[in-house]
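Next, two complexes with chain A in common: one pairs it with chain B, the other with chain C.
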Partner chain A sequence: MSDSEQSEEQNREFKTDEDFDPEFFRNIERKSKIFSCIQCGTCTASCESGKWTALKTRNIIRKVCLGDLTVLKDPDIWLCTTCFACWERCPRNIQPTGVIMELRNYATKLGNISPNHRAVVGYLGNTGHAVPINDITKERRKELGLDELPPTLFKYKTEGEGKELENFKEFMFDLPPVKEEKKPKKKEEKK
Partner chain B sequence: MTKANNEANVSELETEEEPRIAVFVCHCGHNIAGTVDVEKVAESAKDLPNVVKAEHYMFMCSKTGVKMLQDSIKELGVNRTVVASCSKLQHGRTFAKAIEEVGLNKHKHQQVNVREFCSWVHKNDKEGATQKAIQLVEAGVNRARKLEDVETRKIPTTKAALVIGAGVAGLRAANDLAELGVPVTLIEKNSTIGGHMTQLNKTFPTLECPQCSISPLTNGVANHPLIDLYTLAQVKNVEGSMGNFTVEFEIKPRYVHDNCTSCGECSSVCPIEVPSEWDKGMSMRKAIYKAYPQAIPSTFVRDKQTCIGCNSCINVCPVQAVDFSMKTEKKTVNVGSIVVAAGFNEYDPSEIEPYHYGQDGYDDVITQLQLERMLSPTSITNSEVLRPSDGRIPKNIVMIQCVGSRNDQVGNAYCTGVCCKFAIKNARILKENYPNSNVTICYIDVRTPGLNFEELYKSAQEIGVRFIRGRPSEILRNPLTGELRVIVEDTLSMTPLQLKGDLVVLSAAMVPPEGIGPLGSRLHVLRSKEGFLKEFHIKMNPTLSSKGGIYLAGAIQGPKDISESVAHAGGAAALAAAHLVKGYIEKEMLIPKIDYSLCISCGLCKTVCAPAAIDVDQDRVYSVNEVACKSCGMCMPACPTGAIQLINFSDDQLRDEIIPLSGGEAHCHD
Partner chain C sequence: MVKEKTFAFFLGCIMPNRYPGIESSTKFMMEKLGYTILPMERASCCPAPGVFRSFNKVDWMVAAARNICIAEQMDTDIITVCNGCFGTLQEVDHHLKENEDHKVLVNEKLKKLGDYEYKGSINVRHAAEVLGYEVGPWGIEEFLVRKVKARVAIHYGCHLLKPVSVRGLDSAEKPSMLEDFLEPLGAESVDFVEKYTCCGAGGGVKAFDGNASMTIFEEKMKNIDAVKPDFILSPCPFCHLQFETGQDWLNKNKGTNYDYPVIHLSQLVAYCMGMDQKQTGLQFQMMGKDYIFQSEEIKQEEEVS
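Our next item is the complex of A and B:
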């Protein structure tokens, strides 16, 4: 098979109905609103993150309308800063920020949480707060006449029954493990 | 109705002959028969008391079906008919008319709706639907048994009409009515007639001059012997019903008498200048002024709100036409029909905050109507398009579509349907007048249905107008240079863009006119949820309002372009004239009767009667005004003793109808 023929075949890889699951997103909270999207692009044009990143809000909503489940693996959904500009301006009140939040919940269940978000969750689980306390912070707190450690779960991890942090971690942050991507079959065949 | 009359009618009832009922079940193709077992329904009806015939047929509304109905009357001596088919509104009249043709009173027909109430709503439950149909038919037969004859009476109408609003739709309606020989009172709340059409530069799709198109109509109406024109006038009170309305309206003083020669001396000496409403703020006018050179009436008008009373105009007027002592007048007219052509307002985009319309520093954000004013021959800029901020010719012009349309946030879910067309028209004109400028239209969808409009779109594309599919999220202003940028995503290439906008034109929606709330309530007509006046039926009667005798013309019923408004107004005029030219309306005397042996003269019926059709005399004897009664039946549940009974809707008849549906029990007034 020559190179040109191969690339031609790749071009022919259009999606078919089997690639979409229109029913999947029917169960999400904002179902009735999402499907009334007119793809006007106000969300993308409003997007503070999208000015600098690959996040195209309109495109994400489009994929949801089509039932394209690849959106759950899309790293772009983790680029939203939840500034709510799109939510405020959407002429159909689709609430794109809310949609992205729900997609993140679905993606997390599938193990597709972004590494950065996973790290933040890790901090919370291990220490009880999202921002780590470094020496400078401790110094400042001392100067202000406060305890070195703020009264978070971390401070009391050894008090009480001594299991609060562990319980907290177990109930709140039971994240599924990182999912290993299956390589596409077609590529394997070609090899 | 007098007491004696009531009693006579009651005695007539008692000598009623034995009921002989024929039942027909319609298949309506598969509409009914696909779900309901029509054969079974017809079979079960056969056993009901007084039923002499029960049949089913494919299409009862067909000629054969109607003949079956008529034959049963002729051959079997049937005196009441029941047809189980569609809604009463759809074919009830067809069957009533059919039995009338063979000599039966049309109120002896009982319609049973087994389509909307049965087969359409219970598609997945054939057995249940059939059972329900059987019960509905039994209820219908029970109701038919006691049906009485109802007389139809001719009520004379007042051969005159009132048209509210003198825009293109109102003018058309007034002209058409007058041409049919109906005297017309035309009232307009502004000082001039012609409406929005006079403000336009060109009309799409042929780029014609709107002044040239409308001036024969404005002149014709102003000089028509059968049309009385009142400007600065507003409706204050409406009474009566279809055929005979009494309308009171108020005419605000013009402060200039009709002998004004339109010389303009007064205006030239007037020291006050305010933004012109007619010119959408694109030029200034004096406190005594004429909106535009061709204005009809051409008499000047004084704006009392802004006038400081310096009397310069009085002193300078060569014919002493200016008179500050003029007072508000009230006038009352009797008319048979009312045509409402109150038009529309351009949506005020200042509500959409990210576009900053009307805010400081955003002078170059204007609306399409303002652009029309700049382009028009009567503009202050000599038809040049200049930036309001610095008076320069803009290089980059961006138009934003769907401003206030298709926007749930501002409560306008509808597509105005006209903006795409006028934006494309104006974009093309701009590109023709300024070939070096960049004209961009940011749209969500281009909607150009109908003959010649797609061609207009194509011609704009060919001449170089740039179309970007995306709704701008905001207009940003560089605080140092004052430059405007339009932020939009080109959704087709998935590229966020910042477009230079030396002039930004907002294609604002058409919204209901201000003051439509009070007008609607004075006319007692319903409004749609968008605020326009609601038509009787969106497909079959878009010109009749929710109230008989009041008709809608043009954009008051919903956004329309000029051709649609003119066609709509013509239809409204024809409907409004029909019963005036004929001279009478036929009213079915479906009115309540009062049983004076039960009446305790409490007056509750009078309290609830919306059309005020219940009269009371000195001896506290209540009676029904037959002409005013609207057969709504509100008086019946209000009556504590059951003395007042609407003919063919009496407690007795309704009880009989309810019994088969409720499983044998019915209580009313017990």
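Our next item is the complex of A and C:
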């Protein structure tokens, strides 16, 4: 066995009974009738991201049916571009896009959220925009005869009436604290 | 009753903060068409349907409902020119009109943000749909000052049409709304392989894994390049951004030499209705800086009523 194979063997994750909770996804089942999935694979075949990435929608749906909680740690659920192709084509109308977004909600609650996404939430809290304005755009706006700042929440912040933006930051999209870095592929301890 | 021929203009993020040319074009276009466009003061991000809905669906609905409330207080329908904003606002509006429980839940949380109460008294519209079905290819002709001569690669984007059960605008597999509308403008739509697929930016993928996003985009761009259009047209500023930054990224990392201008539906329509090309802001964009519309004047601007 080569070194790399050996370390792979050591780091391999095995699923245990603790990784399964048939009750956990009950909410998703109620919304999406996910148990009517016949694993036909139309979702995977339609997937515009899965054509190039590791995202296998059918696999994810199967895991949810089995109550496999490891799916919440799976980075692949974040590769869906929400193009709704699978939603449109699913013969059982399971709405896989919706299921993936529900999974992301659970994953976020567990703190499984990428630093880049945290940054986007930060922009929203601080400026009211996911893409804040920059100086060059302000110049261009003036050149085109528009107001330097668009009349959005951000403008009213700089005009000294920023209370709404403060409320926005305080009550919206509260994320769990950043997890401490663990060694990759090592199983995290349950609480 | 909502005011007729009046819209609250929902800006969103990318259009006002990156592509102001689309904003000025949309204003010009809608006013020439006889609509009144009102600013939506204190509106926030829609918030984006892929990213923020993934984090917390309830908060996503509340923030969207807040934006809808602003228009409700103005007694006007909302108009947006972004598929993402349309996706969020139309979907939340549709959902809350049908789901009383969630409406109560959302209104409860809305109180924390300010003096808002969602009633469900207005509709959310996309400019592409207003042009395609209300103005229509049958009605645009009288407003045209010039026609372009161009072969156009149309990119619909995902959230304009899908999910069809919620949007109810056109087929997701073979739509024809934009092709039909652009015909009187002189734009010839060219078909290409996988025309209706995603640009790869949505769902938070562009932020989560830029390389994956670019891999999806690379294929899209290859298919477009194969038919050599004059420009790429999209009704969505986020797709617009992806097409611009994506071409740049491919040129730098994959040795391609793409320089296709990316043009928003509003920019093309505004130009055909008499706006100066300079005012459409194309010169500020990354791609196709030297592109000049090939066009044919059909009447003097003063004659347009």
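The rule is simple: the second predicted complex is superposed on the first by the 152 of 191 C-alpha atoms of A that agree within 3 Å, B and C clash if a C-alpha of one lies under 4 Å from a C-alpha of the other, contacts with A are read in each partner's own complex, and residues count from 1 in each chain.
Keep this in mind: contacts are C-beta pairs under 8 Å (C-beta built on N, C-alpha and C of every residue); 3 or more make two chains touch, one makes a residue touch a chain.
Small disclaimer: the values here were computed from a predicted structure and weren't measured.
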Are chain B and chain C a fit on chain A, or do they clash, once the structures share the same frame? fit
Go through the superposed model and pick first if A:Q39 touches only chain B, second if only chain C, both, or neither. first
Touching A:L124, do we find chain B (first), chain C (second), both, or neither? second
Looking at the overlay, what does A:R58 touch: chain B (first), chain C (second), both, or neither? first
Output check: A:P91 vs chain B and chain C. Expected answer is one of first, second, both, neither. What do you get? first
In the superposed arrangement, which partner chain does A:V99 touch: chain B (first), chain C (second), both, or neither? neither
Larger contact residue set on chain A - chain B or chain C: C
Chain B versus chain C as contact partner of A:G145, first or second or both or neither: second
So in the superposed three-chain picture, is A:V71 touching just chain B, just chain C, both, or none of them (first/second/both/neither)? neither
Touching A:S114 in the superposition: chain B (first), chain C (second), both, neither? second
Which value, in Å, gives the least CA distance between chain B and chain C in the superposed three-chain arrangement? 6
Chain A positions within both the chain B interface and the chain C interface are 51, 85
Quick check: in the complex, which residue numbers of chain C touch chain A? 11, 13-14, 16-18, 20-21, 23-24, 39-45, 47-57, 59, 62-63, 109, 112-114, 158-159, 162-164, 172-173, 197-198, 200-205, 207-209, 212-213, 215-216, 219, 279, 281, 284
What part of chain B is in contact with chain A in the complex they form? 354, 402, 406-409, 444-445, 469-474, 487-491, 494, 496
Given the complex with chain C, which residues does chain A contribute to the contact? 48-49, 51-53, 78-85, 87-88, 95, 97, 101-102, 104-105, 108, 113-114, 116-117, 119-121, 124, 128-134, 137, 140-141, 144-146, 150-153, 156, 164, 167-168, 171-175
How about chain A: which of its residues touch chain B in the complex? 38-47, 50-51, 56, 58-59, 85, 89-93
